[in-house]
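Inspection log for the structure reproduced underneath, given as structure tokens.
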Amino acid sequence: MDIFDRLKAAAASDWQSYVDHDFVRQLGAGTLPQAAFQAYLVQDYLFLIQFARAWALAAYKSRTLADIRVAQEGLGAVLNETELHIRLCARWGLSRNDIEAAPEHQATVAYTRFVLDCGAAGDLLDLHVALAPCVIGYAEIGRALAPQGLDGLGSHPYRDWIGEYAGEGYQSVASAARRHLDELAGRAMTERRFVELAALFAQASRLEADFWQMGFDLAGH
Amino acid sequence: MDIFDRLKAAAASDWQSYVDHDFVRQLGAGTLPQAAFQAYLVQDYLFLIQFARAWALAAYKSRTLADIRVAQEGLGAVLNETELHIRLCARWGLSRNDIEAAPEHQATVAYTRFVLDCGAAGDLLDLHVALAPCVIGYAEIGRALAPQGLDGLGSHPYRDWIGEYAGEGYQSVASAARRHLDELAGRAMTERRFVELAALFAQASRLEADFWQMGFDLAGH
Amino acid sequence: MDIFDRLKAAAASDWQSYVDHDFVRQLGAGTLPQAAFQAYLVQDYLFLIQFARAWALAAYKSRTLADIRVAQEGLGAVLNETELHIRLCARWGLSRNDIEAAPEHQATVAYTRFVLDCGAAGDLLDLHVALAPCVIGYAEIGRALAPQGLDGLGSHPYRDWIGEYAGEGYQSVASAARRHLDELAGRAMTERRFVELAALFAQASRLEADFWQMGFDLAGH
Amino acid sequence: MDIFDRLKAAAASDWQSYVDHDFVRQLGAGTLPQAAFQAYLVQDYLFLIQFARAWALAAYKSRTLADIRVAQEGLGAVLNETELHIRLCARWGLSRNDIEAAPEHQATVAYTRFVLDCGAAGDLLDLHVALAPCVIGYAEIGRALAPQGLDGLGSHPYRDWIGEYAGEGYQSVASAARRHLDELAGRAMTERRFVELAALFAQASRLEADFWQMGFDLAGH
């Protein structure tokens, strides 16, 4: 068991409430109302702006060039992801202006600022544990929704989104993040600290579940 | 118009959604369900722990001993307020353990971490603008709910709470905070920045409104 | 061996260069030129302003009310110490204005901003390790310079200063800080991290030695 | 006059002590002892690691994707500059290990941590003002040392170094930084704040002058 598996096991019910949320199930089944997906997508764009800041915080909190470079790549990946979102939104009829003018929902504020604050108050390990449900979790969700790979998705209405996270590019980003988390834990984790980190991870997972729920709420479901 | 009045005017509808929220009206009328009040009170305790950190952040971000001392007093006042909460909760049958074991609600996370992040990303003025809906707003609400002073409250069920914020002690803390905000604005505010600060203030006011709503939601209303 | 003893042992020569610096020896012997002492005292006042910020940072980085209170007391103690400095400086003919108008010396900037950055980049343990040479070290130096207690100092020219740090008040502050450091290490220190912490501690000790040297340099010795 | 010109004028003597330091004159004349240059170069590498963190801090403190991207480019440029340093050092017989094993000098700690702390305590404008003597100042120095362009340098012993900062690549980075500083000032600078910013700029300029001096000191001059 690496540290990510240990965190999931310690926060099992919160983790489950996130990765197995109804939003995810309906997304996978292709039955998710389009309005809920669009509402989610717009907030996720606002989310990514804060996540870019979180990777920058990781670079700032680094002591070695190697750690700075890991964070710089994370920052670059998130900035690229924002462009993909713009393109994805465009296909759904949402312009960049529509997106950037949307007010941040409470759920978006809660998870993003929680992560940023974990990083500001704690060390690199705290920050990466708080990021993990998103960074590594989306890869798990993506893979689970495309069990036979992208070819199996056919003309699935959310094919592009699933493909982004199930695809090799994102999967390898997530694998690298998982190894990096394990290295950070090897450097700085005690068993007493594990208890605190598991609590952070559980809270971050709940906030991710709330983020899916927001998609339904904004769409009036 | 001081800066606080300008911010309220610029964010009028968000401000109104906060200070005139149904939770506040029912609190004032004495009709607020006890379960909603208790749920609010427990989360407000968790909120204050993060607010103590926000005042500490203000001290850290200060450049002069005078600014450090203002923030140190704010920190001390919040730490005292947590003790009042413990006593208030005890009267409602909630022990310190009950309170500290409660998980932070999304609404609590959202507003507190938003304030902390405004402070970390910005300067002292950003931080105090984000704090203002709480620090100064509670004094306005307290005064509005006790228009004839505490004597006029009779055996009001929420007399202790209203008394805390309508009382002279809190009123003078809030007046000092308001003057300090005006000084900071005199030092560092441009008109272009006012637009950004008004957006922060509006968002903080919405998050405060969401915080009242949480009391209802947790109590199942 | 507690963690403080381990850090001293791991950074023995840097630690020695600090606690056994010529400035300390001459201070103890009463032969330190008055100009060097005054130059030191003025910079130490500027140093304390930044140290107050470092304690505020510790409060900000805390996750529990207990840790916030420890830091709040540290902040209060430093603010009190600045008042003692003003009185001590007054006896040497230096007014508050003289002191606050003095430019910060490179040595003052280096140690204080190093400590603040250790705290911002790392966690509470990093911050307290970087503070320890000052907070705990001054208690060791004070006691070493007054081996027979304050009565043994007679009319020593630096009696007030030595008395401040050898006295019971400061000694018990330093003991509490030492126990707190040990608790933080028990919570979050791994052996791999010890190597990094010892490097921080060594660098902080060298910067403290440079701070004594500055007293000589500014006085033209 | 843009804001950079105003800052230089307000801190004229400190600025002069930096850009016209004996180290710079001897570097330009080609008479600088090689030992002083090497000592400087090693510390400048350690300096750049902290400067990469300062750009990451700028990205973290940004509120818009546009500001995040400016900072990301700054971070990337500094990381590239570290590689140039490794190559430059190699020509002088210094390996990457030699460089990374060198202890940070007090002058290196002082300037880098001062900049980082200006950014953490203040806003983006404070951070960029503290960075400006380095980012924009090196372009001025480079150009001043190569008045007839790189061709005029012939077989100058410090041709590579001068060429790096006098060259078009660095000159355009510095011009962009200067425009960005002006934009930030247009957004957030008041005349009262200018006084504080000029004090930061003056202190940063003095710390840069101390950084040149360190080259002489380490080489025993």
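In this document, chain identifiers A, B, C and D correspond to the written order of the chains, with residue numbering beginning at 1 in each.
Assume a contact is a pair of C-beta atoms (placed from the backbone, for glycine too) under 8 Å apart; a residue touches a chain by one contact, two chains touch by 3 or more.
Keep in mind it's a predicted model, so treat the numbers as computed, not measured.
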Mapping chain A onto chain D via their CA atoms needs a rotation, nearest 5 degrees, of 180
Could you put a whole-Å number on the gap between the CA centroids of chain B and chain C? 37
Averaging C-alpha coordinates per chain, one finds the centres of chain C and chain D separated by a number of Å equal to 31
For chain C, residues contacting two or more additional chains: 53, 60, 62, 120-121
Graph shape for the chains shown, where an edge means the two chains touch. Line, ring, star, complete, or other? complete
Using the touch definition from the top, list the residues of chain C that touch chain A in their complex. 60-63, 120-123, 126, 186-190, 192-193, 196
Chain C contact footprint on chain D (complex, rising order): 53, 103-104, 106-107, 109-110, 113-114, 116-117, 120-121, 203, 206-207, 210
Chain A residues touching chain D - in the complex, by the definition given at the top: 49, 52-53, 56-60, 62, 64-65, 68-69, 71-72, 75-76, 79, 82
